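As written, the chain order gives the labels A, B and C, with residue 1 at the start of each chain.
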Amino acid sequence: MNPSLTQQLSPGFALIDIRGLRKRFGDNEVLKGVDLQIARKEVVCIIGKSGSGKSTLLRCLNGLEAYQDGSVMVDGQLVRPDDRNALRELRQNVGMIFQNFNLFPHLSAGQNVMLAPRLVQKTSSAEAERHARKLLTRVGLGERFDAFPDQLSGGQQQRVAIARSLAMNPQVLLCDEITSALDPELVGEVLQVVEGLAKEGMTLTMVTHEMAFARRVSDRVIFMHQGLVHESGDPETLFSNPQTPELRRFLSMES
Amino acid sequence: MFEFTLWDIARNLLLAMRWTIGLSLIAFIGGGLVGALLVVLRLTGNRFVRVLVMLYVQLFQGTPLLLQLFLVYFGLSMFGIETTPLVAASVCLTLYASAYLTEIWRGGIESIERGQWEASSSLALSFSEQMRYVILPQAVRVGIAPTVGFMVQVVKATALTSVIGFVEMTRAGQIITNATFQPFFIYGSVALMYFALCFPLSWYSRVLEQKLRR
Amino acid sequence: MTLDFSVLFKQWPLLLDGMLLTIFLTLFSAVFGTLLGIACGLIRSKGPKWARWTVGLYVELIRNTPFIIQLFFIFFGLPGLGLKMTALTAAILANVINLGAYVSEIARSGIEATPDGQIEAAQSLALDRWQVFTRVVLPPALKRVWPTLVGQMVIIMLGSAVCSQISTEELTYAANQIASTSFRNFETYIVVAALYLLLAVALRRLLNWVGPRFIFGR
């Protein structure tokens, strides 16, 4: 794919612009030519069977996975997985929240949130702490600033992880099945935080199994099947009137 | 000035190597026997015996081997026992090896989960039957890699016996160096000879460790 | 057979000096040996093939040869190449090189046990490679291997007794001096062995306090 061709289209319109993305793991081609544009402030949920390539697609957006063909542009910049400095720039704009939280066990909740702003954005300790306290309060964990991850429940850890990503003031948040590892009763508190972010205008790209949530909160739902975008559309239409048999089959399994 | 040929040097070192190997075997076999005995004592004895064994292990693991050699050497002669460096070295290294081996083997046995003990005693096996047919076979599998690894420590430990006068490879190296004034070459060669003895054991220990993990 | 410990009470300054040098030797070597070991462990884990091979050679050579030979090689052998040094320098050098090889393997296992997710999270926060290693990988890795690492420090301290053989004036050297002048060998070595035991306990306590306090928190 010719990068200069894609730049002729107005780069500011689509915050995330994926064209013809192909990704292989060894002999196994996981993404077979994905095309997807996501606008600023748009909330997009990606659904599909395991193995359909959803997580891989997400991970290509912040350079955790390299791709073989096609292009990924974020805010007009091409994502170059082999350019370490470019990736660092990118990751200050694109935050990621993981299924397994990945909080740093040797740091308290507050320290987890403060770490990257201090090291990467060179924020002063005092300012970083102030900002961290504000963010933790925003996710409902203001009094848990000094708690360590092993003292927090799964839901609380995930909310700290969200605060940690927000501390970098990203333009986009990527959420990779962020409630899949949680006990059912803890899912709600996390989704509540995410819904709040969506209402405040954060651009969200979420891989999720929470169909009710996707239906209620997202602007658009993408159904992936065998490495391609199979169906795409607004949640109401997609869920109540699936066009393809694959999506129908998927939805009947999920309900 | 007496000229030494390369062959003279090599021959002397190789002859000394026999003593290194011999002492290593004495220490390992003797230490193994004493160590096994201590494990049994630790498993079957009363609290007093168990504490005693623990102190024994702490003593040998918490003091320098060099001092242990001095103590055995001078201690034995204090008790009126005729000590040659070989005897003192053998006694000391045997006790030293026994302390470490008993810990390694105790660790191996304790790593066998309680369920194995419970299941086998529920089948009315006696203690020695439990050990022989259920626990030890599994413990041996776990313990063999660190045991082989410890053999490397024993070979290296023999080098210190040079200090109490036992003529093994290190002492031979010192003697030859004093005669030829080529410490770089001599000590370098001695190092390589120890390496030739130890590296295969280290390698084998790693192989065993990987086999265990599978 | 009568035991007479009085000579040791009289010679306590000598013992104290020896102890202080042993402590100095141990701590100094511990710091630099650990730094060397962590660097080598990192290279062996993530470095290019030629570097991994070179460090591997160093590690295997040290771990498969006796410390006393390494010491003799450095103190007696290196001057032949024009590198003369004092006994203390040779002792420190030998300890650092020796400890580095063992810490290399200990650190490597700690580093390699880092869950991928930790590294990915740190990368996703735009930390650079050095920051990821020092802030996210290393502290939990050290915590993981701390007991083994502390054990290795005790081994180094006990091994420093061997340095008496090149006339480094540490505790065992002091013991030898007292024993040879007083002919009270057994009593001297018993007391000094007890002193080493105390030092070993103290060292463990110290390191188990330093670790959580300064290096890896809690």
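The rule we apply is simple: contacts are C-beta pairs under 8 Å (C-beta built on N, C-alpha and C of every residue); 3 or more make two chains touch, one makes a residue touch a chain.
Remember, it's a predicted structure, so these values are computed and weren't measured experimentally.
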item	value
Chains contacting each of subunit A and subunit C, listed by label	none
Taking each chain's C-alpha mean as its centre, the one farthest from subunit B	A
Chain occupying the most central position, where position means C-alpha average	C
Rounded Å distance between subunit A and subunit C, as computed from the means of their C-alpha atoms	46
Distance from the mean Cα position of subunit B to that of subunit A, given in whole angstrom	57
Euclidean distance of C-alpha centroids - subunit B vs subunit C, Å	21
Complex interface listing, subunit C residues touching subunit A	115, 117-118, 120-129, 131, 135-136, 139-140, 143, 216-218
Subunit C-touching residues of subunit B, taken from the complex the two chains share	58-59, 62-68, 70-71, 74-75, 78-79, 152, 156-160, 162-163, 170, 173-174, 177, 182-188, 190-191, 194-195, 198-199, 202
Interfacial residue positions of subunit C with respect to subunit B in the complex	1, 60-61, 63-70, 72-73, 76-81, 154, 158-162, 164-165, 172, 175, 179, 185-186, 189-190, 192-193, 196-197, 200-201
Contact set on subunit A toward subunit C in their complex	62, 64, 84, 87-89, 91-92, 94-96, 98, 100, 102-107, 115-116, 119-120, 148, 161, 164-165, 168
